[in-house]
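Heads up, the next two complexes both have subunit A, just with different partners, subunit B and then subunit C.
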Partner chain A sequence: MTNYIIRRLLLLPVILFGVTLLIFAMISFLSAEQRAALYVADVPKKPGALEKIIEQYGLNDPVHEQYGRWIKSMADGNLGFSKTGKQPVAQVIRDRIPATAELALWSIVPILVVGIQLGILSALRHNQWSDHVLRVASIVGTSAPTFMVGLLLLMFFAAYAGWLPTGDRLTHEMQRVVDAPGWRSPTGLLTVDGLVNGRVDVVWDALKHLVLPVATLSFVSWAVMLRITRSSMLEVLRQEYVQTARAKGLAERAVIQKHARPNAMLPVVTVGGFQLISLLNGAVVTETVFNWPGIGRSFVQAASNLDIITVLGLVLFSSTLLIVGNLAVDVLYAWLDPRVRLN
Partner chain B sequence: MRVRHLTGLALALTLLPGLAACGGGSGPESEEPAGEATSADIVPTQEEAAPASNVPSDTFVQVTIGEPETLDPAWTYETSGAAVESNLYDTPLYFNREKADDYVPQLAESWTLSDDQKTITLTMRKGVTFHAGGTLEPSDVAYSLHRAMLQDRVDGPMTLFLNPLLGTSTIEGYAFAKADISTDVPEGAEAPTLEQVPADVIQQVCEDVKATVVADNDAGTVTITLKQPTPWFPQLLSQPWSAVLDKEWMIEQKDWDDDCATWPQWHNPEPQESVLFDKANGTGPYKLGEWKKGQEITLEANADYWRTEPIWEGGPSGPAKLTHIVIQKVDEWGTRFAKLTAGEADTIVVPRANIDQMASLVHTEYDGGDEGAPATEVNPGGSVNLFKGYPTVAADAAMFHFAINPESEFIGSGQLDGNGIPVDFFTDIDVRKGFAHCFNWETFIQDALKGEGVQTRGPIIQGLQGYSDTSPIYEYDPVKCEASLAKAWGGKLPETGFTMTLAYNQGNDTRKTAAEILADELAAINEKYKIEVQELEWATFLEARRAQKFPISIAGWLADYYDASNWVEPFMSSAGAYARAQSFPADMQAKFDEKIAAGLAETDPAKRDAIYAELQQMAIDEAIDIFLAQSTGRFYVSRQTTGWYNNPLAPGLWYYAMSKP
Partner chain C sequence: MTAGATDPAATPSVAAAAARAELIDEVQSIESPRSARRIARRLLHNPASLLGTVLLVGFAAIAVAAPLLAPCPDDARSGRRCRDSVYLVPKYGFSKEPRPPSAEHRFGTTTDQYDIYYGVVWGTRTAFIVGIVITSLALVIGLTVGSISAYYGGWIDEILMRIVEVFQAFPFLLAAITLATILRSLPQVQGVLPAMLALVAFGWTGYARLIRADILSVKQREYVWAARSVGASDFRIITRHVLPNAIFPVLVLASLNIGTIVLSFAALSFFGLGVPDGYADWGQMIASARQRVPSLVNDWYIVVFPGLAITLFSLSWNLIGDAFRDILDPRLAR
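Up next is the complex of A and B:
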């Protein structure tokens, strides 16, 4: 296991190097003025200002030197200046990631719990009416556009029924509490920070604001988990060792829980891991519909405004997250399945 | 709590196709369409209290589109920023409620105009403090105006002051003229820069600026000397460009040090270069809470606000009644609508195309610009009141750019090869006329403005000198459109076709509709005539336009002051906020500038009228823009809110006058 992790860790910088090369190649296609945004907020409208910046930051130097300088700049936490965010890209990510993380972490729970449980149920009731209903429901879930689901939930439960807030992370009163001096924010996750600060009202308010975006994300994602779990479970249930367990006279409950389910979970771990990583990269539509100040909205704003430096900064962030997340999933997979690490 | 599932379902479904974008505004450069919804003044009826709102009574939530480029009042020349600044800063004078040509003293406790109408003397109020604790002095007023004029960013508002005070459109132009540096440079040569201006001239320019606004701290006065009588100058002293800054605080923050030798360092900055980019220290009724970029701006009432007497009879005094202001940026119409429906917002930007969806929320309709207007209760269960039909001084236009920046990402290949357009595409008048004839005003006014607008007949709007109901205009005529375009570019267009991108500001559905109408009509003439429509965030849109990257830009203008000169200047002058970026050919521009200068110098009303009528005609003859429409105002606000009124020159809501019971 240790050897496996070391091997994967050694691959990590190689993959990251490839990603940075690709992103830098894209940056190289930009004009000098656009590339200047990697180092300065604005090119002053003074004569010779651009030339001065080009010289100061070596924007016309050989490509490998520029790459080295860019990597060093990134290592110092500088991803360039975001025109749409009106602040450094790194700051945009720092400001936005807590909202996205909170939404992702709360969403993954129902996605996994509901998706896996219903997937197992569907497999166990193979070709019975409940299986058919769940299969149809999963098709509806996977094909329902997020914006439609989000908007319908928004209109029914927030705008007309008034049971839940329409969007944002907190009400304005609670936001003032959080923005006030003295508020401790160790995680940026309001449901956690609220507890740290002893403000249950903030936690409650944050939870209410999470319900609709979490429901939207869950609705369109649980179906994927259901389908993966169902097919994996069906495959395992056909395996000989399951038949053997049944032949030995083990109770069906024990067969399912001890022999079938753990093995059926292997592909589920992979898909679940990627679902989480995908959510952490920002839920573009859900964040837009619910005015959620996360990474996804920044991505949309930057892309629709041709703010390429911000887009590339966010792509780098997403790629890094994906690579590290992928590693974590692989390690978890290897830990669960000895065949992987032995190979 | 009203549960209306069926209505909700119907409404939700109708919202789906329009989820992508919507819009609203006006102002110098207006992010919202002319006359779009803004604010109101409503009293719930005695017999029925307003439905419960989720916004506390000490808070006002405005959900809008776009956000400021900066909060520096000398830099700002668009409505999102000016609206915020008008609440943070006081000015020497202020509009007398809804009247655009009558003023009340604000930071000046009195003011006089000399007999020759060239000298304005302000007697400044004593005992006023800035948010950061400094004390207001007359020298602060002088410093603020000097700094603003010397800063004079490109396409900024300072031409409004430089013209009447120094007889120049730009401070650079003034410096070059003083230094005998020609600005008439051959094509391809570099334009002159301030670095070429000798130090003694730099010094002299600043001293000339300082001589126009002189403070006497001992006497408590500020004297402003105009080059020529300028009837609208008090309007400028009532707008955020005259915001008074604390000189000492500004110098502490490393802004201009008031030294005449150093001002070029602070001249024409980028928005982020100003210390006031996202900071504010005014004397206004609100302090800046926080600007969360891309999300919201919060303002907090200034508990030490100096005003003890009502600003006008029955007007507000003391600290602001609404103590918390939240200005949220929400680009999606569906989300904005949900917020208002749920009582989480007091007002939202409503694109004219969406007014049918708003009908069920309206309790009372006021046919005018304040609560004194004739009112009709339309829905006892409604949660908002609607003010409509009030006049506006704003209009939209689609502007042709004659020399597009070759770096533009909106012109495809940059060639006349069907995949793009050349940078000088619109120098051919047949192209411009063809485009103008292809715009369907009737569809635009019906679809985008719901019939609440009229076609504008040039840059000058109704009610101003130079405007005539019978002046010639372009009419929608596909045959003429096709014929004009067939003639253009040596007859090559029908064969080659063209592709370009037409941008509008994000959330502004009215402008989006205008762009789509033009694109559809052109495509109907010839499928090779391709216009792609793209939304851009407000600040990005403004920046791209300044950089001359657009082939066509659709934007609106809200008057700075009520005079025809304020309409020909932006749309036609070489220093105009719009025209400069359009880069009209030199001979055309010279004719415009000459006539604009004549209009400014003329005092005889009949002669002025003739000059402005001529300018109106020139704009049509040259087809510099497709002049779209002027509409009446429409504003929705929660029933709990009282105190709104419409001043046509105001850039946005003045929260100080508003309250909730």
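Up next is the complex of A and C:
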């Protein structure tokens, strides 16, 4: 397994190189004027200004030279300039990450808890009616489009009942509190920062804004957890050590909790890890429906305004996160499973 | 038993592979069309997959009967668009206020006065076409890359599999949105094409890995050695001997994936990247609800009718797929 991890680490730069090549190939579709946004915030309207920039940054040079220049510029932390964000793309990412992270971290909790509990229940009641009901429900969950679920939740709980806000992270009044000077923001997560600053009203307001997007994300993702837990648990329950535990007269509760469940959790941990990574990559649809100021919404805004440099910058960021995150989850898996670790 | 699960070089991730291998193992236990007929019989005995099949047949019937169910209106003004192409939804006026269901508009109209009933009925055809075309194109690419990779092995395999990993390193929906956006800015690629090409470009990798794994196991069989010993060419061996024996599981998996593809396409449409305005497509109709959140309760029909269509459509594929896995999983048969 160590060999495997080492091989993966060695391949990491290769894959990253491939990703940059593919992204650069997409950049090459753009006109020189659009590509100028990689290096300068704005092309002045003066005649001849564009030609000067093309000359200065070699935007019509041979492709490999342009690629080299682009990589060098990225190594300096420059991902280009966002027209829709009116700031550098790297800054867009820094500004938007807290919102996305807060949504992801709050969503992963119900996804894991509900998915795992129901998955275990489903496995223990294998082929009984509750198992069938849960399975059909999970299939329905994976079949419903996220945007429809989000819009329906908005329709009932926000627009109709008026219990919850229709979007954003805070109401205007609370936003002013947060924007005021003196607001300490160590994490950027409003629910945590609110506590740090001793403003329970901000925390409460942020939580109210979180309910519907979290519900939407959970609704479309818990089914995956349920299915992986169920099949993993069914697999484990057939193992001989479980039969041994039963044979030696252990209570069924103890068999499940001590012998079956911990072993069934291995694949669950990794799938849960992937879920978290994909949530951190920005829930594009959910953030758009709920006007949530995260990475995903910036991405969609940029895409619909043809601000392709921003789109590609964000995609590069997300892919890197995905590659590194996947590796981290795999290492975690290897470390958790003694069969793999000691091999 | 699959190479994808045992050969670490081929897997970007142990756990993802474990999850995939589960499915692959199951699907690989089907080898011949004869057992396929047996499976089809069992599918019809399982209530969930029976429901799925009935739904799917229903959708197929709607798609076929679309000209009878939702004919182009005779009235010259509103029928102008759909006489050009049946997929252009008739437009009734220029008001920005959607109209609720009535005798004239069974499912109401969208914010731009497109008839929702017409869009939902003809959207069924769009869904089938989009799902089948995208899946077929992705299959062709995946099969080509996967079979070359598996048959030649060595550094060709190494390079092709790294390319597959690069494509898989992108978050699927983000990558598809990006490519669709770029393609749409090109004058040569218009209409439904950008979104479809984008979904194909990032959707073929799974098939490539699967067919590669299948071929690696078929490759060692005696009949392949026999063909080689009588001097058959590489191309002939691949197309006549290896592929026909390795392809069936991949075809099954691909066809069951159509529901997911239609969901992804709907998401692209929702972002305005799928089809042109007023084209008969489910995701596109819902997209107009995005601006109307405060009054969404009154405009529920914009979300509910097309949304129900998408959900039931992908539900029908998923119900069949789920039962399929169950029937094929020997561990669950006990």
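Criterion: the second predicted complex is superposed on the first by the 320 of 343 C-alpha atoms of A that agree within 3 Å, B and C clash if a C-alpha of one lies under 4 Å from a C-alpha of the other, contacts with A are read in each partner's own complex, and residues count from 1 in each chain.
We adopt the following convention: a contact is a pair of C-beta atoms (placed from the backbone, for glycine too) under 8 Å apart; a residue touches a chain by one contact, two chains touch by 3 or more.
These numbers were taken from a predicted model, which means no experiment stands behind them.
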Partners on subunit A (subunit B, subunit C) - clash or fit: clash
Touched partner set for A:Thr288, first subunit B, second subunit C, both or neither: both
More subunit A residues in contact - subunit B or subunit C: C
Partner chain in contact with A:His259 - subunit B first, subunit C second, else both or neither: neither
First (subunit B), second (subunit C), both or neither touched by A:Asp330: second
Contacts of A:Leu234 with subunit B and subunit C, given as first, second, both or neither: second
Subunit B versus subunit C as contact partner of A:Ile15, first or second or both or neither: second
Contacts of A:Phe147 with subunit B and subunit C, given as first, second, both or neither: both
Touching partner for A:Val315 - first (subunit B), second (subunit C), both, neither: second
Touching partner for A:Ser304 - first (subunit B), second (subunit C), both, neither: both
Partner chain(s) touched by A:Arg199 [first = subunit B, second = subunit C, both, neither]: neither
Subunit A residues contacted in one complex by subunit B, in the other by subunit C: 147-148, 151-152, 154-155, 158-160, 166-167, 288-289, 304, 306
Of all residues in subunit B, those that touch subunit A in their complex: 1-5, 7-9, 11-12, 15-16, 19, 54-56, 59, 61, 154, 190, 193, 195, 268-273, 278, 289-290, 292-295, 298, 324, 326, 328, 330-332, 334-335, 337-339, 341-344, 407, 409, 506, 534-537, 539-540, 543
Subunit C-facing residues of subunit A, complex: 4, 7, 11, 14-15, 18-19, 21-22, 26, 29-30, 132, 135-136, 139-140, 142-148, 151-152, 154-155, 158-160, 166-167, 228, 231, 234-235, 238, 267, 270-271, 273-274, 278, 281-282, 284-285, 288-289, 299-300, 303-304, 306, 308, 311-312, 314-315, 318-319, 322-323, 326-327, 329-330, 333-334, 340
Footprint of subunit B on subunit A - complex, ascending: 31, 33, 41-47, 83-87, 95, 147-148, 151-152, 154-156, 158-162, 165-168, 171-173, 176, 179, 288-291, 293, 297-298, 301, 304-307
Contact set on subunit C toward subunit A in their complex: 8-9, 12-16, 18-19, 22, 48, 162-163, 165-167, 169-171, 173-175, 177-179, 181-182, 185-186, 259, 263, 266-267, 270-273, 283, 286, 289-290, 293-297, 300, 303-304, 307, 310-312, 314-315, 318-319, 322, 331-332
